Structure formats: C-alpha cells, structure tokens
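Down below are the structures I want you to see.
One chain, chain A, appears in both complexes that follow, with chain B as partner in the first and chain C in the second.
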Partner chain A sequence: MALSGPAAFLVSMLTLGGIYAILAIGLNIQWGQTGLFNISVAAFWGIGAYTAALVSKVGGETAFSWGLPFLWVDVVGFPIPIPVAVILAAIVSGVVAVLIGIPTLRLRTDYLAIASLGLAETIRLIFLNEGWLTGGGTGSTVSNPLVDLQYTNLTLLVITLVVLGIVYWLAETGVQSPWGRALEAIRDDEEVAQALGKNTFSLKMQAFVIGSMIMGVAGALTALRLNYITPFEFIPEFTFYVWIAVIVGGSGSNRGAIIGAGFLMVLLEGPRFLSDFLPGLSGSVAADLRFLLIGLVLMLVVTYRPQGFLGDKQLMTEDNT
Partner chain B sequence: MALELQLVVNGIVFGSIILLASIGLSLLYGIGDFANFAHGEFLTLGAFITFAGYVTFGLPIYVAGLMAFLFVGALGVLIDRILMTRHRDSTPIILLILTIGLALFLRAVIRLQWGDNQRTLGMPLERGTELLQGSVGWIDYGIRITSTDIAIVFLALVLATGTHLFLTRTRMGIAMRAMSDNKSLAKVAGIDTDTVMTVTWALSGALAGTGGMLLAMQTGVLFPRMGFNIVLVVFAAVILGGIGSPYGAMIGAYIIGIAQEVSVMIPGISAEYRYAFAFLIMIAVLLYKPQGLAGGRW
Partner chain C sequence: MSDEPLLAVDGIEKHFGGITAVDGVEFEIEEGTIVGLIGPNGAGKTTTFKMLGGFLPPDAGEIRYRGTDLQDIMQPSRAEKSYFTGSAALVAGLGGLALASQSTPSTAIQAGAAAVGAGAGLGAYRGQEILKTRHFGHKYSRPFQVSRAGMMRTFQITRELEGLTVFENLLLSPKNQPGENVLKTWMRFNSVTETEAANHERAEEVLDLLDLEHLRDEYAGNLSGGQRKLLELGRVLMADPDLILLDEPVAGVNPTLSKTLLARIRDLRDQGYTFCIVEHDMDVIMNLSERIIVMHQGQKLMEGTPEEVQGNQRVIDAYLGG
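Moving on, here comes the complex of A and B:
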C-alpha cells in the first residue's frame, strides 16, 4: 500500500526540503565557511544526478550505461547498502570541481561569481547538446531500485534524512576542527591567513571540492526522486533557490542552512496553496509568483537582516575583497 | 557557401547589440563598484516594451524603441531611489545578491505581464542585399546584409557616440568619470555622488533598454529568458574591455561578438557552444589580464 493524499504530499515535500538542505550545507561550506561565491550549484547538482543515473542504467542508449547498483549491492538476494552510483556521483562532482577550481579559485569574489555562472551555463549546454552522453533535451530515465518497493517515497525520505544527518555531522565536525578555523580565516582575510603560512589556495580548493561533492550526492538523490531527469531540472535559476536557503538561514551556520531549506519550501509551495484560495489564479501564474517572492525575499533579507536567522553578520557587511 | 566574411558581419551585428548593454554594465560596475546581475532583465524588458509599442499599440518600430529607452531608463532611476540608496555603503557581496534578487523579481514581473510563451515581433521579412559575391581560392567573400542589420549597427554606434559626448562634454559625465576613478576624492571635490549614481542607473538602464530593442529586431522572437541568455556574453565583453571603462566595453563587445560568431567555424565544436566560447575568453582575461584591454584607463 502506497501513501496517498496529504501524507504523500508531506513526504514528498520533506524529501525535497531534505535535498535542498543537503545542497545548502554544501554551499555553506563554500560560501559561509570559506567565502567562495559559487553560483554554479545547479551544475554540480546536475552532474551528480546525471552521473548516478547514467552509470546505473542497464544497456541504455547513452554512454556509460554500466548497470552499476544505485543504492545497494545484491549478494545472493541480500541487499548490502553500498550506494555505488551515489559514491560515483560525488567523485565525478569532485573531479569537475577540481578542474573548475584550478582557474577560478584565484579570482576575486565578484569575478568568481561571474565565472562560475558562466561555467554553470556551459555545463547546462553540455547536458542539453551531448545526446550520446545525457540523452539531450529529452532527458534520461533512472533505473530506480526504489520503485519496486512497497513504500517508495517513504524509503527515499528516510534515505534523504540519513544522508542529511551524515552531511550535517561531517560539516559540523569540519567547522569545529582546525581545518574549519583555517577556512574561516581565509573568509575573513585571506592575506592574513597567507601570512600565517596557510596554503590558502589548497584550503579553498578543499572547501570547494567537498562542497561540490555534497551537491553531487544531492543530485544522486534527486535522480531517485524524479525517476527521469532532463537538463531543465538543473537550470542556473535553481542555484538561487539554494542561495535563498543559505542566506535566509544565515551564512556560516549549518543549522541555519537546514532552517533556510525549510523556509525555502514554504516559499516554493506557498503560491500553490494560494491558487486553492484564489480560483482565478492559474498554475503558471503561481509559478511566476514563486519567482517574484524569491526575488523579493532576497532583496529584503540583505537589506534588513543580512545575517539571516543564525548567520554571521560580519561576513555579509564587512568588506574583505 | 558564403561563410567566412558573413560570420564576421554577423559578429559585428551581434557586437552592436551587446555594445549598448556592455557600456551600461561597465559604467555601473566602475562607478557603483558592483556587478549588476539584473542587466539581462533590463535587456528583456527593453525588448518587451518594444513589443508592446510595435505590436500591441501599432507604433512605428523606432518610436517603440524610444519607449524602451525612456521606460527602462526610468526604471533604473526607480531602482536606485527605492532600493540602492539604502546600499551606498554596502559591500559588493550584498550588492551582488541584491541584483540577483532584483533579476528574479523583474523576470517574474515580465512573465506575469507577457506570459511564458515566445512572442514574435513580426517585422517584415527581407532577403537581404547581396553586397559582394565571388571567391578567392577557398575563401568565399560573398556577404548578404539586411537593412535591419544596418539599422542595428547604425543605432548602436549613434548611441555609443552620444554616450561618449555625454561623458566628455557635460559636467555630469565628467563627474561620473571622476567618481569612477576615485569615489572619496570625487566626494571631497564637491561632486554630489548620490545624484551621479542615480544618473548612472538611468543611463545604464536606457542603453540596456535600447539594446533589448535591437536584440528583438535582430532575432524577431521574444521570451522572458532572452536577456539572461546573453548577459554572460555582456559580462565577457565588459571584462575583456576592462571593468569600468565604457570605451573598453565598446571594443570588448565587438571582439566578443565577432569571436563568438567565428567560433562556429572551429571544427568539432557545434554552434550551440558559441556562448561557452565567450565565457572561456572571459575566464582567460580574468586570470591573465584582469584589468582588461583598457588597463584601468578610460
């Protein structure tokens, strides 16, 4: 028996919120912790989703259809939880992050923003145009091991929450370690960190790669959630959803990132309920209102409360470029 | 196939379209010290105002273009007075996030007003005049050019010249250049930096609005993402020219425009990646010559 009605909706929203929370923690390591203004979140999210979907495909029409296990390995009927496709998603995202990081991480904050948006757009073009690899504009199916289960959506929610827990624990451990403090030093003043003998480029690269790998894992979970992925699920605009979560929750706080993801879900799903109360409101107008709200919230938050719910005020208001 | 020279001509036309957007973006970047991510939406809005004037109200195309110039310029003033005056002392990061929010907001407004579907400007089609025909060896130099193409290049150059005269011959223009060089010094010298900022927003918006009109004239189709699609190319032109330098932006716009069109000829790379080619130039400039072609001069 599958879930239905409000329960199914709640499960679906919690799953999506969990995925956004994972993405937000990944971005928080890059931005909140290290001060890297990355607007290519959607690219790494997409790379994770495509990697997991492609390598787990069986004899498909695209390259790399290796039929690898997505979530668990079957050993004579017993599922052993080794998420091969998810791990590969993180690795591929990490490798791409290294390649992108080499030229861009030396750049000033605002240049990094522009350059990373350019790279995100390039990666989206690759998803769209390299049909042999990604299925092009028509997208790619996902060999989802969860669809055969009795409680597909509930299982995915549990998996998402477990992953969120692991990612949160890792991020918090990292923040409180000497490594985390070195990243903070770079964020607050890179030259001082350099003067103290820190290899700031290497540290920035580590933060960038780890954050991107977390985004890749979120991508693999998204592939399971959607069952069918297209380039239009990973447009650069969705990067700003994750930014909303981080900024509203508070840059620099992992708990804030989770709260921010919850707030984001209210913003994203609110207009849908509005259309229940206002009969004249069509679905596409509700979708436009969503973007309107998101833009408005971004402007209001940075104007009136740049540190968000739980953030570091200094990070947003002190000039360190 | 008349390819080689034709691509250069196409590049000059495309360069003229991004020229106006680049000048405005570079001025804002230099004087206000931030990257305006909402600039693409200014282009889109200019295109849709032109659509409203030309198709909805049936006005002549250039009157519709003037509407775009005035309307988006006025919007620039409005944004500065309502939103940006509160952020005169904010960090570039806050301003960056602010303009991203503004971009999403403006695009949502455009979608609410004109819908998600493509609109067509429906200007009369023309085949274009054959200017040259023939070939030397393997190079075929035959080119075809439409009167719309000529109008686009002409209009862009007229407005660029106008901007040049404004910046060099008027008190306000000279104040803008002073502020771009050194904000505190300009303030000490008695320049009303607040007003200069507002005028910069107005000029930047008006130029981008006209750029949107040219874009609509050239492609003929309008959609809410049209400005965002080319805003990175505009950034590439600005960075190549040297941030803050409108003259650098003029050179940058033509180089990027031509490079992007000619990149179609590189074997093994499909035409879909021509925007990516502009990004690559941009990243290379940021790494190896971040001051751009103008090198910090005007």
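Moving on, here comes the complex of A and C:
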C-alpha cells in the first residue's frame, strides 16, 4: 500500500520469483533428484492455492472483529494463523499426490509424463466445474489478512522468502542425505536400486509427495498474492515455465532451481521495459517478446550448456566422451 | 527346519508367450558353498537368476530361502496394505461427497454419502485383492524384499549407478539406513550421522579391499568394464548378504584382476558367504565351484562336482551343439 512505482514493482517481481523458485525446488526433487517426469506442477500449485482460498473463505462473521493480531486467516468465521493455512495447502497437495502417485508412479518415465499431463488437466477441469467447492470459472476470493497491513506486498515478500528458505533447507538436507542418495539411485537405474534392497515405489512416492507438497505451499503463497484465484491461473503453460526454470538452472541442483526461477522472472517481465528504451516498439509487442526470448534462451541453453547453469554435466548428458 | 538348505529351488517354470525359458528346474544351495550355474546361451540361466532374485515371479514351482517361500518374503507389509486400502477408501469417499454435494446442501447427507463411498471403496479394494491372490494366482515381484532378506544379485551387463560416485555407490547399499527416512534426516536423529559414519568406514575398507581407492570420487559411469565388476561386487559386500548371486563376475575383466576377484570370492566363501555364480569361462567355474548345475534348453541337464560335469557326455554334447 505504501510502496509505489519501481519499488512496488520490484517487490512484486521478487515475490513472484520466490514463488517460482519454490515450485522449481519442488520439481527438482521430483525430476532432478528422482527422475520423475512430472508435468502436473500447475495442478498441485492450484490445489495449494485453492486449499488456502477454501480455508480462508469469508464466512458470515469475520474473525477479525475479534481483535486478533494480523496474520490470521478466516475459516468460515474461525480464525487460523497463516502458517497453518500454508501447511494445510501442503497437506492437501500431499494427499492428492499420494492418490495420483499410486497408479502413475509404476509407469516408466515417459508414460508418467503423459499420465501426469492428463491428470493436471483433469484437476484444472475440477477447479472449473465443481462450482460448489471452487467457485467455478468466476473464481474464488481469498480472505487475505495481509491486505489490511500497511506494507502488504513487502510482508508477503518476507513471508515468501522465509518459506523459500525453509523449503531450500529441507530440500538440500534431504538430497544430501542417504535418502537423497537412494533417490539418485532410482533416477539412474531403478532395477539396481531394487536389487540393493531399496523400496523404490515407496521412495518415488516420497519424492513425488514431498515435491508436490512444496508446490502446494507455493500455491498458498500465490493465493495470498493474488487475493482472487481462478482456474486460469493454473493452466498447463505455467508447468512449463517451472520446467524451464529447472532446466535453465540445472536439473539436480536446488540452488540452480532458484537461479533458474530468477532468470525466468527476468525473461518474463524484462521485455515489457524494452519499449522504454527502443522507440517504435509498442508495449504489447515488447511484452510478447518474452515468448520469443524464452524459446531462444531455452534453445541456447540446451545446445551449449545442456546441464544448465549449475547442473552436473555428467548427469544430464548421455554421452560424455 | 535345520535340514532346510539356504536356498531350495523346486520345479520352477517360466514361459514367455510360446517360449518356455525355464522348464521345471530344481536344485539346492547349501550354506557356505560356491555353486556354479552353466549352460549354453539360451539355457535359461539368466531367467533362473531373475526368479531367484525376485525380479520375475515363476509361473510354477517354488523358491524357498531359508525355508520360506520367496512369495511370502515378497508379501507387502501390513502398513503397505493398509495404505493402499486407505487410499481406495479415501478416493471413493471423496467421490461420494462430490456426488452428494451436487444434489443436496445437507451436511448430514453429504457426510453419509462420503462414509458410504469410503466403505464401498474399502470393500472393493479388499475384494479385488482377495480375488487377485486367491483366484487368479497373483504373484508378487518385489525384489527389494528378497535383497533385504539376504539374497543379493549382480547383473550380467554391469549396471552401475553412473550419476553416483564410486564411493556413493558403495554407501548406497547397506541395509537399514536410518538416513533413508527423510523425516529422521530433517529432525537430525543421531542414528543418521552415526550409521553414516560407520558406513563411510566400511566403504573405505571395501575400496581398499578391491583396490579402487584412487577412483573413490570418480563417477561410476567413467569406470572401465573390469572396474565396474569390482564395484558391483563391492556394492554387494557393503550390504552384507548371506547368498550372493553373481552373473558373469569376470566377463571383461583382465586376467590379473580376475584372479584377485576370484581369490576374494574364495576368501568370502571361507568366511561363510554363499555364492551362486553364472559364468561362461569354464576354467573359472571349474576352479571355483564345489558343485555345478548344468542347464540346457530350460531344463537341468545334470548336477555334480566339476570333475563329474567335465566328464559327462551330455554336457559336452550340449555345449558342442549335439
């Protein structure tokens, strides 16, 4: 509220970048670490956002008339703190991931990709059609306590960064542990991991669920950022943005995922400023330039640095002679 | 029970479409011995190996490890079963809730529909489980449980985890690592770091034993064929199984290294490990094994000491295409 101009824009971009970074870390656990080709990022993102919106649905009586301190959301007249809303979003995403994982995680990589793409679309259609739950195409309001604060955007940025820090720590500790090693073994050769006594289905499920829960957390933050969510925020296109962040940053590296997300933000939002510097370039054309730029950058990265910024060349290229 | 050999294979069969890969093979492996499994290409050795390791369920017959049927060893745990049952109930319950929510705003009816759905889901799942196991003879194939029980195999074509270093490959294999529970890792259980430290120590010993120290931090994908065979043996040693199934342990290994490897296998046998080895190199298998099982066209041709096998006319015929 109090911020304006470039500062407000910067804060907003950093928040969005932080959310993409959280999503990218979640995907990195699934793809970079375990080799699960998950194309349903947007679905879990959406599940998290809708959960946060649902638990914060405005009831008849608002809880804030109780004079509670800030950072409480309103669950049909019953106040719960924001962290709980975020955790609930993670739990619901996790439960859905378990249910989706049971039939799909037995599939080979490429079939998992196809199945998860279909499931993502199914979940988006549920958002769109189950109006009693989600508000359908008109969307769902989030009773966001942050909007009453003096520095709404800045608070959200701080929350996002804190969450990003926690998620990064969890992911990094996880992948450096024997657990992460077992996941890497599955990525390299699942049958060998089985021969070594690893319950690969259970481990893949863990990676899938934890990654999806992280995506759900990003969804809850997105709900707080947008204040109003519709199914169109979670179309499959955004899944590929997250994939681009992971590929550009370097699959298998959590730091890479964060850098990739930052890079994605520059590519997505940078072009609209080009019209300020290039006379004759209209604003809308400049904004659409981002698609061209993203495609170009992706081609360049895959050609000249297939492992991404921080990825390990050995892992990501077939032939290392 | 005490008479039961370490491994008893009883009339196992495996068919792939119209092809019978293994046709009623039976043999036993006594604890602390080295048993060779030989036969011309296509005799069914590798298929037999896969069945022993739990990677393929036999179509008929039984494999008993320490007196327990492999199928029983590979049963999903109670926790796993309840997890699948619970998921089925949850999905069907949510379905019931969604259906009821379309037609009525009454919370009681919605809750009732959810409960009925959950019950139906639970019943349907249990029903199909019973149908599957009792009436359709469903066989489990969960090799990791066989491996945990103490029977471990290597692969014919070495399959290293190329994205892991040599050292990480070794660290991967020990059983019961608390660090493989990510919650324990996050909550910094002492057992995680303690076990990891102990495993590090063991891995260093194994590296030393196999003469691979200089490759400690090299990616396994960069190793030569022979070094990979060594690493694969090392990985098995780290897990400390009782019965080790080696599929062509010295194929592609240079003679000096292969001598070391065979000496190691003998040492380990003396320490009480049991081996079952598939190998094409006749010198190796004749020198190493106490008993040899000869397979031909999916069946057991004969079984005996190396001398008996070498002198047997049917074996010679099978190998020379008689």
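Observations, loosely collected:
By definition in this document, the second predicted complex is superposed on the first by the 280 of 321 C-alpha atoms of A that agree within 3 Å, B and C clash if a C-alpha of one lies under 4 Å from a C-alpha of the other, contacts with A are read in each partner's own complex, and residues count from 1 in each chain.
Basically, a residue touches a chain if its C-beta (ideal position, glycine included) is under 8 Å from a C-beta of that chain, and two chains touch if they have at least 3 such contacts.
Keep in mind the model is a prediction, meaning the values are calculated, not measured.
Partners chain B and chain C, brought together by superposition on chain A, fit side by side with no clash. The superposed model places chain B and chain C at 80 degrees from each other around the C-alpha centre of chain A, with the value given to the nearest 10. In the superposed pair of complexes, A:Phe240 makes contact with chain B only, with no contact to chain C.
Of the two partner chains placed by superposition, only chain B is touched by A:Met299; chain C is not.
Once the two complexes are laid over each other on the shared chain, residue contacts for A:Val84 go to neither chain B nor chain C. Of the two partner chains placed around the shared chain by superposition, chain C is the only one that A:Ala195 touches, whereas chain B remains out of contact. When the shared chain is aligned, chain C comes close enough to touch A:Ile210, but chain B does not.
Contacts of A:Met13 after superposition: neither chain B nor chain C is touched. By the document's definition of touching, of the two partners only chain B reaches A:Leu125; chain C does not. Shortest separation of chain B and chain C in the overlay equals 8 Å (C-alpha atoms, whole Å). In the superposition on chain A, none of the residues of chain A is touched both by chain B in one structure and by chain C in the other. Partner chain C is touched in their complex by these residues of chain A: 95, 98-99, 102, 130, 132-133, 170, 173-174, 177-179, 181-182, 184-185, 187-189, 191-200, 202-203, 206, 210, 312, 314-315, 320.
Residues 34-35, 83, 86-87, 90-94, 96-98, 100-109, 111-112, 115-116, 232, 235-236, 239, 270, 272-273, 275-276, 279, 282-283, 286-287, 290 of chain B are the ones that touch chain A when the two sit in their complex. Across the complex, chain C meets chain A through its residues 53, 55, 80, 84, 87, 90-91, 98, 101-102, 142-145, 147-148, 152-155, 159-164, 168, 171-173, 175, 177-182, 185-186, 192, 196, 219, 221-222, 235, 239.
Touching chain B in their complex are the following residues of chain A: 37, 103-104, 106-111, 113-115, 117-119, 121-122, 125, 128-129, 237, 240, 243, 247, 284-285, 288-292, 294-299, 302-303, 306, 316-319, 321.
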